[in-house]
């Protein structure tokens, strides 16, 4: 019920805003053309991707508080509040740490919060002034600018929200409950960006199919409203989250999924905005990008995050590997921005040894030093992480391989790097990954009589006594 | 006095006197060993920025070793199950007895000597070799791999170093013209052999440290490699026997060095108002201090390097020393 | 005819020179080692498994117990990994305190190594001299952290305690004192004929072998690879200091000894500079959330510990505990070359070679 009110509110807002928007349209266009493709949306998107989950939570709360306020106050006041709130959110978003502090009910508010509050007050005043101005239909410069802001956000909201709903519905319709749960789990657990991207891509595809026109409109709106797009995103997310929550309130897992979806469309909105922007320049290319699905999205994301200093390095690795070993050895490759921008390549299990061998002996790569080797149990699969370094060329690479969890077998690297000998034994000991062609695979830490593999997530300590 | 007794007819009384004298000697030596150990610990403590024993027996820890030995004597006697029992019991005795036997011939002063035999020096070297047998036996009988390695090392080392030891002494014998220790001391009244036989002295010192199994030649019991070497399975009073024999040898060897190279009880010129016993103990203490000092300072040699050093360095140099001494004596008839 | 037999000997897990509960099964022919098989795991405490149920701050004390001779670097590596993931800027003063603590720890660690290594070789006294100086360092670090060995000093975003009044002066005084003592060390040991005979040409390996066996730290630098993560992949504020990376080319125990001794000198240089530049006041903690949550993703960082390259891998799913934590423990990697080095060596060299690798069993076993 509350969500419906929220939506109504949003609709009202959108309707009211339409006027202001129309009034300020020409001005905005002029501005936005200048801004289009600028850095602001790129950055915001990068942040989006990095801090998806906490934000989604935040948005959920924010949406509720929004609702309460809406109940108390009149439509005009609510509008002002919404604007202020969005500003506050923006402030929070700019300082995710401080918002998190708030989230954790930290009693000491950071300076960011105070500025946000100031902003809030300011926004209230401004909003009040703006409401008056609008009622009088006076076209003063300041008021117009503000109106633009306000107008944009709600319209965005509306579109985004609609899209989000569409996406949620499409999702719910398409996916069986079990599948949805599995997907949610996967999304929740797999720390690799890749999983997210995939989910997003799926969500995006569905949203596209369901609400292509709306999305286009949204993208257009976004393009027009560059700076406020952030607000819009958040708002949309909040509403989408709330909506999705209400729609699938019965199931906690589904809620998590919805949260994800809530992220996804907004994310997708950005992507699409780009895609459409591109389409205007190159219709055919854009079509390919859209059709490209996951790969296109991920590559776009990597591009847009920030051009890492190691990007050329990664490109050269991939180029060399693909030229010599064929294009189908690599599962994925990206710059791990969390780990000092180390170029990371994920190879297919069957090409693992071949690639490692190549990495070691190729002249331009010559990774002669194995810095680290270990495995991780991701429940859906096992992963072996190898960090290689070249003393000759002074560069490093992270080599990863995903292997079947039920039957974790992979070739050993010990014939290539003697230093892989014990680490592989350790991985075998603690995770049960078997290494073929290992010179002396043994349970190096626990001894041969140990039952089970402790670092697996489903490990139960075995005790003879019990 | 002992001379007379030796010449007297055998009888119960004489046996009693002998026994009593031997016991007294044993106690005197044990008394010395007690304080030698304490001195070593104190000196080492001083050199290593520590206190050393300072609790038992006043602030000098005078009764520390007494307490230690007492503890060892009343400790449970354990013999490993798989050890060669008779040999295991016999080994400390074989190692310990010769240590006392050699003391008998050492002239502490012109009056205080237990047995003045003509071939005193030869006797000393011959008897002291028996201890090696005890150590090897102990290492073997323990049925422990570390002990065995330690025992083998000990055998190899002691045999290797006995030869340069004897060779270095030959120079002294050449000069003194006698194997009798009293004669050797008397021959030094004009000048100590450390001045006339410096090379011999150095070789003797090095070889004697090796004979004593002390750092840097403590391979048979190298703690960091063989845990404790040949006596790893020994405990209680059996272990005390090994330890005591080691220190008795220290006592004996320092005494022998004093006698051979530092003029025994002979005083420095113009200082003969000080009794010979004091001179002897002063010189003796100096040698003991030197041995402790070396122990504190140096790291350990490796087994193969030890052998190499013994056979390829010490032995040729000792031989050259003999040759040189003989040459000088023949040509100039000096000394 | 004499029948000879190879002997199987268990060196450890209780042995004075294995520096902990390390077992080495060796096959010897006389005193010549035919084959050596290291057996480890006696001290495995499952730190990585435990860490999966602990918050990041709670993991720090566990890292103290890995390489207990240089707990500061261990503290640092996990904090550094989380900071890298969360992109936290550590305040200046905290960085200086960290560097000072780490370098003091490095000196202390090398001193212990020096002392125990000579103890292994049979010289008793250097151990006690080394411990005299180490004691002073420990006292300094105790003033900082309140603990003597397991400091638990660093936190994600900074350090736990500020330096007490007059601490930095004590550090400044310590540097020249230590330099003076080092001269004494060299007089006592370096150049000693017996010592040189024991270590020169013992346990030699080539540069290629060292790299192939994933050796790091002084074990790598002794072969001529000029590589120090403090210099070549600067973390913290190491790029502000002027210091050398000592390198030898012989690749034997002697070269390792030289490298480590020289590293003490270089660490002293860093300490001196850091103490001189030490900011008079400032924050010691960055603004970090009360509950630290590393962002979703994974990170691997590596830094230079006294024993080599210590690394920390964190896979996070955005929760307050790591999904998977893995330490690259240098001793574990360095020890791998031991069987190869021991083959055909003299029994007495076992200790020389093992000691020169400089392992800490808490780290080997994790």
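A few points about this structure:
To keep things simple, chains are lettered A, B and C as they appear, and every chain counts its residues starting from 1.
The criterion applied here is as follows: a residue touches a chain if its C-beta (ideal position, glycine included) is under 8 Å from a C-beta of that chain, and two chains touch if they have at least 3 such contacts.
Note that the structure is a prediction, hence the values are computed from the model and not measured.
In terms of which chains touch, the assembly is arranged as an unbranched chain of neighbours.
Averaging Cα coordinates per chain and for the whole protein, the chain whose average falls nearest the overall one is C.
Ranked by how far their CA centres sit from the centre of chain A, the chains are topped by B. We define each chain's centre as the mean of its Cα atoms; on that basis chain B and chain C are separated by 44 Å.
Note on chain placement: the centre of chain A and the centre of chain C lie 39 Å apart, centres being C-alpha means. Distance between chain A and chain B, defined via averaged C-alpha coordinates, is recorded as 82 Å. The touching residues of chain A, when paired with chain C in their complex, are 50-54, 97-98, 100-101, 104, 106, 110, 188-189, 191-193, 336, 338-340, 342, 368-372, 374, 376-377, 385, 387, 391, 394, 398, 417-423, 426, 430, 444-447, 454-455, 459.
Within the complex, the chain C residues that touch chain B are 7, 9, 15-17, 31, 118-125, 128-129, 132, 188-189, 192, 194-195, 197-198, 346-351.
Taken together, the chain B residues at the contact with chain C in this complex read 44, 47-50, 145-146, 149, 215-216, 218-219, 222-225, 227, 295-305.
On the chain C side of its complex with chain A, the touching residues are 40-41, 44, 46, 48-49, 84-85, 208-209, 211-215, 225, 227, 232, 287-291, 293, 295-302, 309, 311, 313, 315-318, 323-324, 326, 328, 332-333, 335-337, 365-366.
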